[in-house]
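There are two complexes below, and they share chain A, which is joined by chain B in the first and by chain C in the second.
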Partner chain A sequence: MKTGKYDAVIVGGGISGLMAAIDLTRKGRRVAVVSKGDPICCLSTGCIDILKGVDSPRDGICDLPENHPYHLVGAGGLDRAAGLFVSVMKEAGLSYVGNVGQNRWILSPGGTRKQTALVPESMAHGNVEENETLVVIIFKGMKDFFPGYVTAKFQNADVYEFDPGNGSTLGIATKFDDPAFQEDFFKWFKSQKISKGKIALPAVLGTKPQVFGELAQKLDRKIFEIPTLPPSIPGLRMFKALKTCLQDAGADLYWGRSVESVEKDGDAIEAVTLAGIGRSTRIEARAFILATGSFVSGGLYARQDGVVKESVFDLPAYVPENRESWFGHNFFETGHGIEKAGIRVNGSFQPESTGIPNLFVCGSILAFSETMKYGCGHGMAIATGVTAAEKCEDHLA
Partner chain B sequence: MNTEFEHCIRCTLCVENCPVFRVDKDYPGPKQAGPDAARFRADNEAPVDEWVRKCAQCKRCDVACPYGVNPSELIQEAQVRYSEQHGKGLAATLFSRNYYLGLLGSLFAPVSNAVTGNKGMKKLFRALGISTYMTFPRFHFHTLSRSWQKKGKGKRKVVFFHGCYLDNNSPDLGRSMTGLLADLGIRVKVPKQVCCGVPALANGDLKLAKRFAAKNASILAGYIDRGYDVVYACTSCGNALTQEYPGVLDPPEGKKIAENTYDIHEYILMLMEAGEIKPDFAPVKKRVAYHIPCHLRSMGIGYPAAKLLRMIPGLTLQIHDDNCCGLSGSYGFKTTFEDNATHLGRIAGEAILERNPDLLISDCGACRMQLKHFTALSTMDPTELLRLSLSNKPCPSLTH
Partner chain C sequence: MIKTDVIIIGGGATGCGIARDLALRGIAHHLIEKGDFAAGATGACHGLLHSGGRYAVSDPEAAEECIRENMILRKIGEKCVEQTGGLFVRLAGDSRRYRDKFLESCDRVGIDTELLSGARALDLVPKLNPSLEEAVRVPDCSIDPFRLCMLNAITSKNRGGVFHRHHEVFEFIKEKGRLAGVRARDRFTGEIKDLRARVIINASGAWGKKIANLAGHDLPMNLSKGSLVITNHRLTNMVINRLRPPSNGDIIVPNEAVCLAGTTSISVDSPDNLVVGADEVDIVTREAGRMIPEFNSTRLIRAYTGVRPLLLAEKDATDDRSVSRGFRIINHQDGMYSILGGKLSTYRLMAEKMVDTVLKEVFDKTVACQTGDLPLEGQEFLSGYPLSTRLKDMKDIICECELVTRKDVESVIDRIGTKSIGDIQHRTRLGMGPCQGGFCTYRALGIIQEKGKITCDESMGALREFLQKRFRGIRPALWGDQLREEQLVEGIYLNIMNMEQQ
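Presenting the complex of A and B:
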């Protein structure tokens, strides 16, 4: 293996950038990922939303407005990306269920049913019918979960309380990693003589992927996790699985530093330099993938004067002209107009009208993605990540 | 006062990464202990937040935060303030002076080893607030500083910053490291030096830490001016030299030190990339678990040893960078934190054993000590594995 120049450097370690990196390393490319900090997927439910409000996300993407990035991916691209994601998770011991051709439901912490496409095995039984008989197990002292939301919507729900000796999601999940604690929990469960209904618990059943399966087997009942407010354990499990997969494949991670400057050779990008307190770290590559996320992760930022900037390469960013249209009244249903802002790309996922031959863009930083409005967060990130990596591979080959 | 806390959007990404929060229900985590509490910490009010001491200063929260808040720095300020007002406690006072203890320990090595290994002494240690779940690191008389040396004849000149652990407790390993550099044709000198300052800082003694930093900085800057680069192998020393010297410890030459100081693997890689050296790696057929020390992570330079080790044919590297070993320098040696330290040690150890490796490596002597205890694997420094591959014969000191 050579030192020095990487084949590709991915800027931004979210689900999109990590999937792009995984795709390239599996094709034998030398890859590095640079990330300023941990990504949004760590805070998420761990479920892959592809497109909401339709039966089949795979078919539904055809009906999106013509500038939506999904059109650059296509149904075939979506299949490949979702397939890669599910197989990577499986290798890490984290099974996912569902498919891109059929949306499904999970129970949300608000007691409502949330539509999504691919779900971790631990939420497979979250596919509950209205008014189904449920048993909700809560944990004493746990601040970030409110069973009242569930019982308000499900009249046939009983609530049982177990005392885990720690009130935080992370603390309880860590306890569940320990077989002795699992055994205590199991004994308590038996003593409660719960006769019927699916068993619902907040998502704290172990930080390790295998814990859920072990517990489900022991309890021998239909059990499922309800996602919690962040910190989110299913999100964390997914992120760690992605990261481990990448490191096993030999990719280098540079975490906790943002890109400070960019060097060009003519139109092409030659190297990025990471901000450092002392000497800064310079990383050269033949190609770069930008996956720094949208406003929330700092990939985009808005200036006081209404100009939206891209933070690493200073690419031209699209922003809806009329500032009145930036904000709507029903964020969770229709999102905000400003969500349209981002980088416009051509069919090869290269930023439009920049002439940079070796830069590709993916994930929520793409213009017109409107992830809240379309309920397409991780799905769009994975699909564009893998497709951008394929285009990058074409460029490298 | 540091006002980075204004950038906190309360996302909890830092909390997800905090090892102490995972295992200690009485520690509120970096978000609350850092930016949230910082809003209420007034300079003229006595600190009351005793729990800030529970923070192990692993800096995982800083690495996780995408918004440039460094919770660990805010917490460290609060720790120093708390210690200044309420006293440090005996164990912390002792550990902040580990440099002097180390000097004594190595001068009287046979006696100190007998003392630290003795059962009766263990009782006394506990009474002093020092935990005894592991045997103490051994002291050696032939420290690095006492076997003052100059090696190699190449055009690159480096001074080797060994820090306390290599000097007092693993001098053979230190000599093997300088040997590795010399074998690669680099001129190595071991200069006079004192403790990097981290133990004092971690135990709430900012003044002492600054004194150590000032002394080292002036010595090292003298060498830098004469064309030397500084190379370290202990990642906590490295974190001090490159992150804390130009930061909280602030000696006049801090910036110069940070700009001219390299991780030993980073340095070797740099010379390889410049085409100055061309090491020839022989196969080592082993599955190697690599525990990434928290203070290597926090420097943001990636994992240079991993890059080098991946060039060794036949070697499978399993990277473990999600767990703090729990010892965190002297944190776990204090009885107050022993439960946290042993719980975290078990977690990190189990994660390593799950992947069934042949041996365990880590750049940090304290991590190796702790994880050897919790895994019973043989442990090595990454440089030893490199030497093994480069010399193609077994390394003399296979376990530390």
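Presenting the complex of A and C:
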């Protein structure tokens, strides 16, 4: 059996767990992240939603129901977390624009507008008005993007088609990483006499962060990316940037591994053992952070009998009583009861009524976060991740 | 104005069966259906082609009809019937005396049975409850209701029959105290069509009363809904019934790659806007789980509900005769007939009796019925195409769960000129797998759009309608992996696409 010893181990490698880990490494802690698989941010638009339906998310969080996890973070905590995120991205060559005090809009692949707060530079021009002229460039054979949904919303929209020789989102994005391919695209672009107006493309402009900037400069036009259905290239860029930052800081990543068993010393967690094919690894730490996400990632599991289980430490999980109350009848109305399910924590992000002194919880696994209803997915994950890391640091110090 | 001999209202198995029968006897006809084929009870049933075993004890006449029709349908409809065979399993605590009665009654009506030990039954269906007492083998089959309707329609169309799908009858044309025709509205364009005929046949199943009311008649009937669930894979290759008097949740039917289990029986006021309750899902999974324990841990991909029309006392109807205990034909004496009740399994017989009746009473003719002798036309298109060959031809897969390609989708659009995602689903199985269209519908609608069949705005509307309908089907089965998948789909449409109610 292999072993490892750390100050803190983060279980769950989503945006929340990764941000918590980054925060701790910056304070000089020895950190490991264990993750069963790739997180939800890889499926997302890559934008940071903090709180929708308000002008200023930073001001809006105080009006949320009193058990919402944002209240444990506060406006100051939100500023620190967003600041850390933006600087980490910048170091990786991925600029984000926007601020926590002002929401903005981007164009969605359904032609609707989506409200969000921080957006990658490649979507900075995504706030187009319906009376503006829009140019959409599409890629032949790409099965997850249909321009019609978008152009229907504009009085003046022109569509141009480029043949990349590949129909998958990731396939096209990988081609754009190659300078020779970029050059082909550029030549085609020049030959098209493309009409005036902002230029929108599905988000496939390179898996590497610098590709967009290079292209934008070459084309010398206002261009922007429209996020696509999963898999999402902007989400992937963000995830890679977070992971690289951690590796550079010397953290250990146990990827593709999940926790098999937990050892305790009294109430405290002493170590976890990771399953793996033909090998298992025991890792000890002084503190643990649980960031395994909600149902989609498997941090929570809902049973037919109406019970919700937490999958790593078997913590007690809150869920509205009676399966019938989990979902309303309208798909388009968010705020289904089940969105409230999760782990309840105290002001130090420790799970309530368990008495475990060295465990902290963050991200979408937290009870009452209702990320869909409030449009606060990544914002809440980042804010609670960084704040939980701060509480963990207090414990370690 | 369209003129014809017979108007059929309803494109379920009964209506489509009548169209085929009329066609083979040379009578011109138009059929009007407000949805796609099989939009009613036909598409919401188990798809069990009964051996009759289920009714042998309680209703031997119906059982006899079932076994006769079963033998006919497996002969004429090879490509929509899977000859699975069926078992009636007796679990610990189920009456032995009922078993004896069951065997005796089957014997009397001519249903072949074979009594099997528990061990023998487990050889045939390894996932059965290992503690079962014994099982009786019967000639049950699985039948694809949608294909069945479509194939019946092909015979009709080959002989000049006309189908108006997605058209809703909303008014009758009356003349001199008689019903001279109907008015129907195209549900996509709103366009109104007037149709006239010598006789109108109301084959609208649970909607029968609504149609009769439009014509100014009453049709005393009660409605009972039954709910079913679908698993994400096939747990048995044979139909499994519980060996006891008919009750909740005692039928499991394999169909293509999945299994269907049901049902419940709850009285309702209207056949529209029904929901499946969490308690109904629990009843069905619990009962099915007694016969096949793995049912309890298997992922359900959908739940849905269908409505059975139950006819009330006969005295209120103007004229009715029980051609059979199983179904009834009512002459409203003003140019309309209603046909009600029965089962999917006996649809052909119902059609035969209905057409016999109008031929004699309206057209004053006798032409022999041929529907039981000739194979269903158009089966050559359903080439029981094996998955292995299909995989080789796969390019541009649009629906990953059911392996449907862009070409498949385009060819349906070209062939029938459809604007409806449901039409494509039924014909290709697009969106019928575990994600239930969560990923592929955006794509399929995009393709309809590209083909110029609908505007982009219409496709957004169609996408909304589809997502809501899909959600209704999935909602009762949301726990475990299906809940997880649902939240992912919510993320796509409500977050990335921001389609939330505004």
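One rule holds for everything that comes next: the second predicted complex is superposed on the first by the 384 of 397 C-alpha atoms of A that agree within 3 Å, B and C clash if a C-alpha of one lies under 4 Å from a C-alpha of the other, contacts with A are read in each partner's own complex, and residues count from 1 in each chain.
Following the convention adopted for this analysis, a residue touches a chain if its C-beta (ideal position, glycine included) is under 8 Å from a C-beta of that chain, and two chains touch if they have at least 3 such contacts.
Nothing here was measured: the structure is a model prediction, and the numbers come from that model.
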| item | value |
| --- | --- |
| Partner chain in contact with A:W188 - chain B first, chain C second, else both or neither | neither |
| First, second, both or neither for A:A32, with chain B first and chain C second | first |
| Contacts of A:Y318 with chain B and chain C, given as first, second, both or neither | neither |
| Which of chain B and chain C A:H329 touches, first, second, both or neither | second |
| Partner chain(s) touched by A:G256 [first = chain B, second = chain C, both, neither] | first |
| Which superposed partner A:G167 touches (first chain B, second chain C, both, neither) | both |
| Partner chain in contact with A:G377 - chain B first, chain C second, else both or neither | second |
| Overlapping contact positions on chain A, where the chain C interface meets the chain B interface | 43, 167, 230, 232, 298 |
| Chain C partner contacts - residues on chain A that touch it in the complex | 40, 43-45, 49, 108-115, 141, 143-144, 146, 148-149, 151-152, 167, 227, 229-230, 232, 294-296, 298, 301-304, 322-324, 326-327, 329-334, 338, 372, 375, 377 |
| Residues of chain C that touch chain A when the two form their complex | 275, 277-279, 282, 285, 296, 396, 398, 406, 439, 442-443, 445-447, 449-450, 455-457, 459-460, 463-464, 467-468, 470-472, 475, 478-480, 483-484, 487-488, 490-501 |
| Chain B - residues contacting chain A, complex | 11-13, 15-17, 21-23, 25, 29, 62-67, 242-243, 246-247, 255, 257-261, 269, 272-273, 297-298, 300-303, 306-307, 310-311, 318-319, 321-322, 347 |
| Chain A residues within the chain B interface of the complex | 1, 3-4, 32, 36-39, 42-43, 165-168, 170-171, 174, 177, 230-232, 236, 240, 243-244, 247-248, 250, 252-257, 274, 276-279, 281, 297-298 |
